[in-house]
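Okay, handing you the structure first.
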């Protein structure tokens, strides 16, 4: 396979280019009996829709999800769930020039090197629209987690150099500002920051954080498939992500053992941790605390400012990229990070079912 | 599978506990005709051996690698390569107390939660000795890369808050100090920093960087199996790693598009990049620049200072961990990061062979 | 994953139920640069279309394939190829009764046991329509094989107890009779045999044979992924197949070594075999002779004759199944066997590219 | 990977050549808490040991299994189980001549074609000794099945043209004759048949049947990973197997629907089948009846009679193969077929645990 398949048990296969006929995903391995409707998918897709504020592209993408298989009488049947979103608002004309040169920060050059040629319309398979399949499948995964009492909370914690103040954290605030920040004051500063970027024909990046609560202890595998390793691979596979950390992450590299270790504590017979520097995993296995994963997202590479590059003839040229591009991709990446986290968790959940004979007997014992 | 298998094409299966009879790895998918001897493996294993300085554990681990299958007349045959290292210097008595409580920062609690019980001797499968299999297999992968003109250079770039000065970078220096730092002056400061930690019965972490040069453009898959995603998952699967970044990584989150984009430039017909903020990948595919990956490593959790925790009866207790523990694991992690990077690259190399019909015809065309 | 994914390198993910909205497949791992059009797919789908003779169901299924992604300018791009066939002629009313009881020879009972409930309309995921995805993907695989000089020839060699006479084998005849038999006289006897079955409200089975020529020596892996093992698994995964053999197959069990061994012979420097009892593989690896695989297909389980069974209340009842069912599924299975063989060969081709360093250097060497 | 890995959940990785240092297997994914000792493994290995009668090779192979990891206090820990058998009685001198020519019916030629050269000592990776890893891992799988009330019964049902009489089937008889036949009278005829082959410097093949009882309904996946498809692939991957069938198998191809369908019947509220032509699966999912799988095994290719072949210089030559070869491999294949069946069932068991949300809630629900 060439890498468009993710997950070992809750396994998804995404497909589609930005300017092809459609984009979609097939989910293989979803347990039977999960209530699932197109509205569940749509609610997630709507969170990545552009055109919701002046800080995202003005393109209108309706992006209606349709379930083509795998459900019956409102429930999953255990067979593959195929979901499709038809591309309706793509204008191929917008992108004709791109065919002739390599945009800096984009995959144009590397696609040509890998495949010998490329679908140059709007980034093709490397377009941000590729994430539609991830988000649709992530909505199914999130529904499983929710049924089991888990919850994902994902938000922007930095835009450029504007960071949220943890003291002002408000979960309710997340949906109220265009950046999905849990701090209204930071969101206002972020707006000014992005505005300045736009005026300078430039773009910016930021940080997205996902916290998963209600996770039972014991999820994840001890060696290569550590829960944090899987989360890192999943989140880093999102187009613009350049770094991933768990818990204190890079901060832990500068800490001392005495302050970085989380003490265990027993409260009325229930074992927990006093702190959560580890971000919810020990030895790659969930410890019952919240899972905390953070992603660094690079500035949008499409900018109107002039840039040097090379055309297909190998000549040095200067370009400036116009069109309806997001000055910052971070707000739209929030739901994509959440989707990848949900997919990873659902996969670990199903994988972990056979970790002990006691579980095997519970299901198959006669 | 339960996660001790890594890679899709160059596929390794590791096994072994710190205090079991042996530790090893099976490599399936290594191409036939690669010159390979036990010395190739040993050279890598020696780099992770403890007891080489006062800043690592004083345990003596001989760790002799033996190749049991897959080679003939000094070359790989295409069949699985099984490698084993017998555990000779483990003293089970050292660890008896651990059975009764959960060490903070270790996997004791999570193993018990996942499996119902655990091999409590020296961390069992979650011991640092688990990395022996990774390193032995990584040596084989590195040999393939070397045959194709690629080179891995891995070193420590921070110990606690002591960072190398990029201006003083010296590749020759790496092997000359106990921290594998490419800056002798920083290594001296690191020595003082670690000494202070030891005196405080404490431990510290740091950063490891791996740079891979000579990589052809076109490696990596466009969606979930991006080269950077695979590297992130691979490196994060190492026990103590809490964060991974590619190129500028978290720095990119605070940058602007105009400064973060790497301009393409053509020099005498060869296309390259003027800078390498991206760390060698665009859209998840190698761009011909050096691949740069950085790992954040947490402080050793085993410390002599008193810590609060819980025993198996659920009682709150205080412990202090004695024994021969590394005050900082970073120097020994250097070769492990390199091994995981080599394994990831070898896997991507083999996977990428079928990316275009032109290649398929070159091999099978008649 | 739950088993709707096939192949490791040329990897397909099928989806869809007989009475859902659509049926389809995603192909991940097809090399870039393969000329591919919807007509290539349609030509294969047309071969499994019913209603082409009085010996297959009179249902009309248009089954138009649409390519939704993965091609550009008439060639594959290396990204996933999504293909869909909308279900247009399914009449749900036909099947309402099925919900209440378990048809003998069908998957009704086992689906209920596995998933707790089922999509009872027309067999759901276990309908013969599930093979549409296999055939569409198989058409792509066959195109790759053809580009490399390989050819698949698939036909019926028995219907009930009517067998072809190998002396009368005529390749041209295959497309000229409703049973796809390479022997016109046998086809006439088969027609009479099936007619008799129909008059007795009964059904029959038969044998399908696939011969693949032009296969280079060296395809297939030596242990679990032997070429013949993969072919056997692939062909046995087709709904009605109950047995698979390679070369002389079950006949070899009764033979002696001296007659079963194929002597090697060198003719003008080219090594070949004098006979082909082995069916083209030795030690699971192709030997350059034609690959011969044969499948035993059971009689259609839906028959009008009365049968005893059990309803969902657990009561013993008698049923007789009416509707437009194939009296013999063998003719329509011919292209499905060919598709599975093509998919298996394409997968082995891509996998085998990295078998030796000489090949790796040929692609990546600098 | 190059095909020495089998299973998705209960996943094994085998390694080793006939004349290398050792042969072994790593099992990843075995649930924790299964009682397991070296004797469990040895009991299986002893069943494939040669030299037990005049009808198998006179080579003495002690084949002592050693468990190197994955157990603690007599139980599996959930981590990889590594098992090794050192090669002690191989005489390399026996095989020196083989290097220069291609033995008919062996993998010599195809290995050379695939890899460019081969370990020519005793068949290397394609030796029958390769099955040691399968059998050792199969013993672990069988232990899981046994814990859940399943039982495997495997025996020879034909040697050459000598078939057992089903009327005389005696389970106790299986272990009492050198052919593992469940019919003493057939075993006596088989002895005479093999004796005649030996006198003619020839060899013969036969049929092995495996019946698995106590299997819960609902195992297996509906599409490519049908239980019968997996069994077919698993059994066909054994070196000398040329055909596989389930239930009536090839017999079903000649039957009619009315006689081939198994009627469902309810007895005191328990649903069962009146007959078992299907061999225990419907739609690829176990139906609660016994699973019946049958393998056709070719005659041993190493025979003393003269054969024509080609040497590495491409010259036509005549050879006759001497040494200690089995005149019939069937008796020693019995336990290998059983091992592959057990591995397949264990894998399906673990995979099937997540088929419905009801199961997922039972394990993870809070």
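The chains carry the letters A, B, C and D, assigned in the order they are written, with residues numbered from 1 in each.
Everything that follows uses one rule, which is that a residue touches a chain if its C-beta (ideal position, glycine included) is under 8 Å from a C-beta of that chain, and two chains touch if they have at least 3 such contacts.
A quick note: this is a predicted structure, and the numbers were derived from the prediction, not measured.
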With centres defined by CA atoms only, which chain is the most remote from chain D?
A
Can you check which chain pair, B-C or C-D, has more C-beta pairs in contact?
C-D
Any idea how many Å lie between the Cα centroids of chain B and chain D?
38
For chain B and chain C, what's the span in angstrom between their mean Cα positions?
45
Separation of the C-alpha centres, chain C versus chain D, in whole Å, is 25
Interface hub residues of chain A, defined as touching at least two other chains
1-5, 8-9, 14, 29, 32-33, 78-79, 114-116, 125, 222, 352, 355-356, 358
Listed in rising order, chain A residues that touch chain C in their complex are 1-5, 7-9, 11, 13-17, 20-24, 26, 28-30, 32-33, 66-70, 72-73, 75, 77-82, 84, 114-119, 124-125
Residue ranges of chain D in contact with chain A within the complex:
8-9, 29, 31-34, 76, 78-79, 144, 147-149, 214, 216, 222, 349-350, 352-366
Over in the complex, which chain B residues touch chain A? Could you list them?
1-6, 8, 14, 102, 104-107, 109-111, 113-116, 125-126, 130, 158, 160-161, 197, 200, 202-207, 217-226, 228-237, 239, 242-258, 260-266, 269, 271, 274, 278-279, 281-288, 296-303, 305, 307-310, 314-316, 351-352, 355-356, 358
